[in-house]
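Input: one structure, supplied below.
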């Protein structure tokens, strides 16, 4: 480097400087534009939303505490009833958790098959991979509420429509996450099993599942946590469980705010409980993977 | 190896397999037992009885077909024709569908040789191939017919009401009115309502043909009539989809902006006070635990129905989620880079900007865009609760339990919307993370 | 008994194996040599039906292998065991289970799912492991074993299949010389004691010379040599490896000590 | 004080966008009369409108009687009732109708013992409040608690859902609203049953009426108390004269044939408020 | 100009640096040697104020460094550049941006938040990169560079600070011999051409001998040797490394070729 003649070096550096400056300008321009677009989107988006809302953001801000205050003050006045109410609504909570658990199980099984059938290298019918991928994309795209409401019409209210709806969505969502894992599986063991004349299901069972199980379980736990919320929300639109009770209590208003509070405590407690348990367990599962 | 040793090894292996079998059978049987419990807890045997296949058929057929009502008011004798029986779909005075003929005797041809005739004096004749000619007379509250006593299951009759269901259409007779429902495939009036001059015109005519409405150009007029179609309300649907995406966008981005600084407070390495860190973490847990559903209800009082309320509900919940994810990402940052920047005498903010941000940006963006897509779905649901967006339209359309073609339309739009957002956020993520910061 | 006739495999416009003809009349130990990319692995994979041939046929005892599909094909695979360079075991499972995978073809998916292997199979698996000198490792996870041990587990799995043919795709390429010798001796013993046919892809000339009755040389997908180890002179080897005059046998050697009988051969070969 | 926009809340019962459409003409008149932008909101349920009125984010709504009572009980100063809808025969009321499937063998409340009984929305007058008070008066021993007289008392979420649920056999009997005029086999002249019949959802031959309430007063059109007086006066005049000015629009706003609106005061709803108060039990 | 006086650093009851005294009168190139855990890194980190001293003082041109806080301390850091074993660059940012981080102390927080640097700085950064022979890498991301290139980027960042002192904490420990030489030569040239003081922690004796004017040996936190490379005999080295008689210089060597002047020294050292 020191040997290069000075003028040549200078020329050479000038060129690099110029092209780098051009790159910097371009990057600043793009960066600035991105920022500008983002700010414009946020500000105008906020204005549109504010405008199309019944109450304005700034007018409503000071009222945020009103509703919780109403609920809490009534619940406080009737605090003696709370334990009894919590017991009363416990079965509804069990139903909500059951919906989440069953749909997570069914969804995980469905997602498992969809992902195995949709992953290159593992698929039983390689030519159908795009088909299975589209199927899981669509299953994932359908919001639970859509299927639940349609099924309520056909099957009547209760936990089953919610269960099916959540299971379908879960299968799609897990299929995607599972695929990401199984794409990275080591195919050596699969090849080894194939050479002994193992069937497709035996290859998957022995060659793939042991490898991916920790990640799959971890994703399934995360999904279970999400599904508890989903099942509560679906209850809100008519599919049984705690959400249904909460909606009725909240809709009725004063007089049943103690019930609303009791249900809320149950729901909040459950969500936080499973959130903590699953995140702890998930960390354990994936930590073991690191080594 | 000696025989004794080998036997011991065999015995060990047998024990091992016994244990594996126990687990192998144990887990599935626990799941199976649970499913059995659910089978009864959710009353699945009863469900089979309760499931209403007729509803399923109504739903399925209505979602891809429409019906035109031909209604005779038995008091006034007036006959009206309306698509889906709605006022907006009513044929203007003097117009009627081409499968209706006659003035004194109105002949309605349902197709498949099924003919209904509205005769004077509230009499009705129905011709169905392979069945006797049905004659009916409406008088006061009663309907008298010549129907025999044992009826096929597609006819339901009492002296107050007669209902006939055929593959071609449905006929109901009561004292007050006589109605024929003629079914057609497709989504009627999807493009133009009956009052639009462009109704029934072909695309070619509109694009290249003579000016239809003297006041407007063909294309502008057609687009505007379609956009303002009162049956399908394309404009409102577009707004609703926009509102839903807006809720997701504002909620996600707002949450990310708020969660980023809070994430620093909650991260072990950056928090100035342990107490503050613990408090921030609990705040995140609280925001997440309360759940978007309840935030929606709480905020509805303060801000009323609308997209802003939905956006704020998403924002609050996701602030908790992002806060947790961001602070975990922050706790995993590589100290070396921060030290490198610090050793040049950089100010604290500069240390964060160059030592920390570049490290967590990929994690952040990946999460933000993942949530953008999933929040589009949440926004649909939240909209159904707070009153905004496509979610509300969908739930309400389902609630009326008759506008299944609209339900089908909305479902297709929602799926398309979510898939689009999925694709878009994936594209943006690849674009931004792949780029230098 | 094994006849490979004009067997060809193309990947896109690349011909990996080019009209290979091999005829094996009686169970023998065959080494296939050739440099990287010569098509050795591809050839073995076709024999095991892990990949389909583009052209040509493989016939075993009168049965056409290339046309097999579904369960007939799996059946063939169970009679034709394969050993891989990277062992291809299920690393998270214990050694006995890995050996028992050799019986998968006979078991239903259901039985596999619940680990329902008959006791006799379990016992046989351990006897095979003992024969290969690694019975102590039976309850350990495969991933906890050394490379040489893992390869012996793979051989045990192959034996568990009770195959007519054992295919070995560079069974010693990932092993140190010490382990390589153990594994090759095991294969030789299996051939001699059980009378099974063994076809092994080998990277190194001297290994082929030492353990095999017959050596096949491949180059660019074609079979360029087929004869006894004695016929495999340095000149022929140079041909196979496409090397110039500077080719030295030692460059491909992994041996640490020599077996009695090979010494004789080596002298001949160098002569 | 001044207002910058006028927000009308619309109660459930029909397709959200259909309702918005029906009210669009009223919104246009309002914009013309007040000179400010008018916005329509159709929250998902009764409670959405109530919360809007309480939170001051909705200025005008046509409530059900029970929803009005709920609003009044939470904040007596939030809204004032101004107008009531007049039916074609000049009456200002309707009925809550109890019904069941004919093949269930149920013909009266007596047969409902140990069965599942369905209500609509908890804030609905005919779908919950009135029947929950009047049904127990039918005879001794009837209560609204699950597991006492009825095996289960369930909320379906709305009138439409109740009808479908009864028709499906999900619940044994339920209540919904009807004007009580015209014939049972038509589903009466107007009401939720009629709409379901028109849609082909139910066949009235399959249904039987098992109970009917006393006349329930129509819900009031309410205005937010805090609105300026001139705005209130303008809006009362506008809605009051709507039928005369534009019958087509009045049809849409009133969700059916009507003779328009007439003034009303809180006094009309005192009994409903009391009823609701009694259900709360404090 | 630099005076380190009874400098001590304790971590809990472990004393990492124990009353170290160093006096440097004129800019020179100093190597600190000592085995792992001797306290070399801790010493340098205290000089750069990355960690606080438990006791003792550091004085530079009459100014007490140990007492500095806030912006005065950052100001000192900007005059005293540091180079790390693991380079400590921002891998996702491009090379020039990394070099420009050397100017952070002089620029307003706001401008730098948006990556806005004056054009003159950018030009200077590229010139410095050119001086170190890696100008072509300017637009690449730091993570895309080889170890030796990354370390030169780190040196460029240090030079960008225009520092009086450059501290280098085992700058070549993660590099292969080839790259190690390039980096050490660069540091030496900076010292010679710019007249900057360079203090480098070094793992290997011969590197210290070859490139430094003065060598300081540390053991268990204490300074046990301070002198010219010539004075650093094998016996002294054994002392520093606490090794027995079997200590061999070669064990710590990473050199591939020798510079002219070091050959002379080596002969002396081995003598």
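Letters A, B, C, D and E mark the chains in the order given here, with residues in each chain numbered from 1 onward.
Following the convention adopted for this analysis, contacts are C-beta pairs under 8 Å (C-beta built on N, C-alpha and C of every residue); 3 or more make two chains touch, one makes a residue touch a chain.
Going by UniProt, the chains are A, B = Phosphonate transport system permease protein; C, E = Phosphonate transport system ATP-binding protein.
Predicted model, so just to flag it, every value in this text is computed and none were measured.
Following the contact convention of this document, A is the list of chains adjacent to both subunit B and subunit D. Looking at the partners of subunit B and subunit E together, the chains they share are A. Of all chains shown, A has the CA centroid lying nearest to the centroid of every protein CA atom. The rotation relating subunit C to subunit E, fitted on Cα atoms, amounts to 170°, rounded to the nearest 5. Looking at B-C alongside A-D, one finds more C-beta pairs in contact between the chains of A-D. Distance from the centre of subunit E peaks at D, each centre being the average of the chain's Cα atoms.
Subunit A and subunit E have centres, each the mean of its CA atoms, that are 49 Å apart. The distance from the centre of subunit C to the centre of subunit E, each centre being the mean of the chain's C-alpha atoms, comes to 56 Å. Centre-to-centre spacing of subunit A and subunit B amounts to 18 Å, using the average Cα coordinate of each chain. Shared interface positions of subunit A, i.e. residues touching 2 or more other chains, are given as 27, 52-55, 60, 63, 66-67, 153, 156, 158, 237, 250. For subunit B, residues that reach two or more other chains under the stated contact definition are 50, 52, 55, 300-306, 384-385, 395, 401, 436. The set of subunit D residues that touch two or more partner chains comprises 7, 9, 41, 51-52, 55, 57-58, 157, 161, 164, 168-170.
Interfaces, counted as pairs of touching chains, are A-B, A-C, A-D, A-E, B-C, B-D, B-E. Every residue of subunit A that touches subunit B in the complex is listed here, in rising order: 27, 38, 41-42, 45-46, 48-50, 52-57, 60-61, 63-64, 66-68, 95, 98, 101-102, 105, 137-138, 140-146, 149-150, 153-156, 158-160, 163, 229, 232-233, 236-237, 243, 246, 250, 264, 267-268, 271-272, 275.
On the side of subunit B, the complex with subunit C involves touching residues 1, 5-6, 9-10, 12-14, 16-17, 20-21, 24-25.
Per the touch definition, subunit E reaches subunit A in the complex via residues 96, 114-116, 119, 122-123, 126-127, 130-133, 135-136, 138-139.
Per the touch definition, subunit B reaches subunit D in the complex via residues 49-50, 52, 55, 58, 67, 85, 87-88, 141, 156-158, 160-161, 163, 170, 174-177, 181, 230, 233, 236-237, 300-306, 384-387, 392-393, 395-397, 399-403, 406.
Across the complex, subunit E meets subunit B through its residues 48, 50, 71, 73-79, 81-82, 84, 86-94, 101-105, 109, 112-113, 141, 154, 157, 161.
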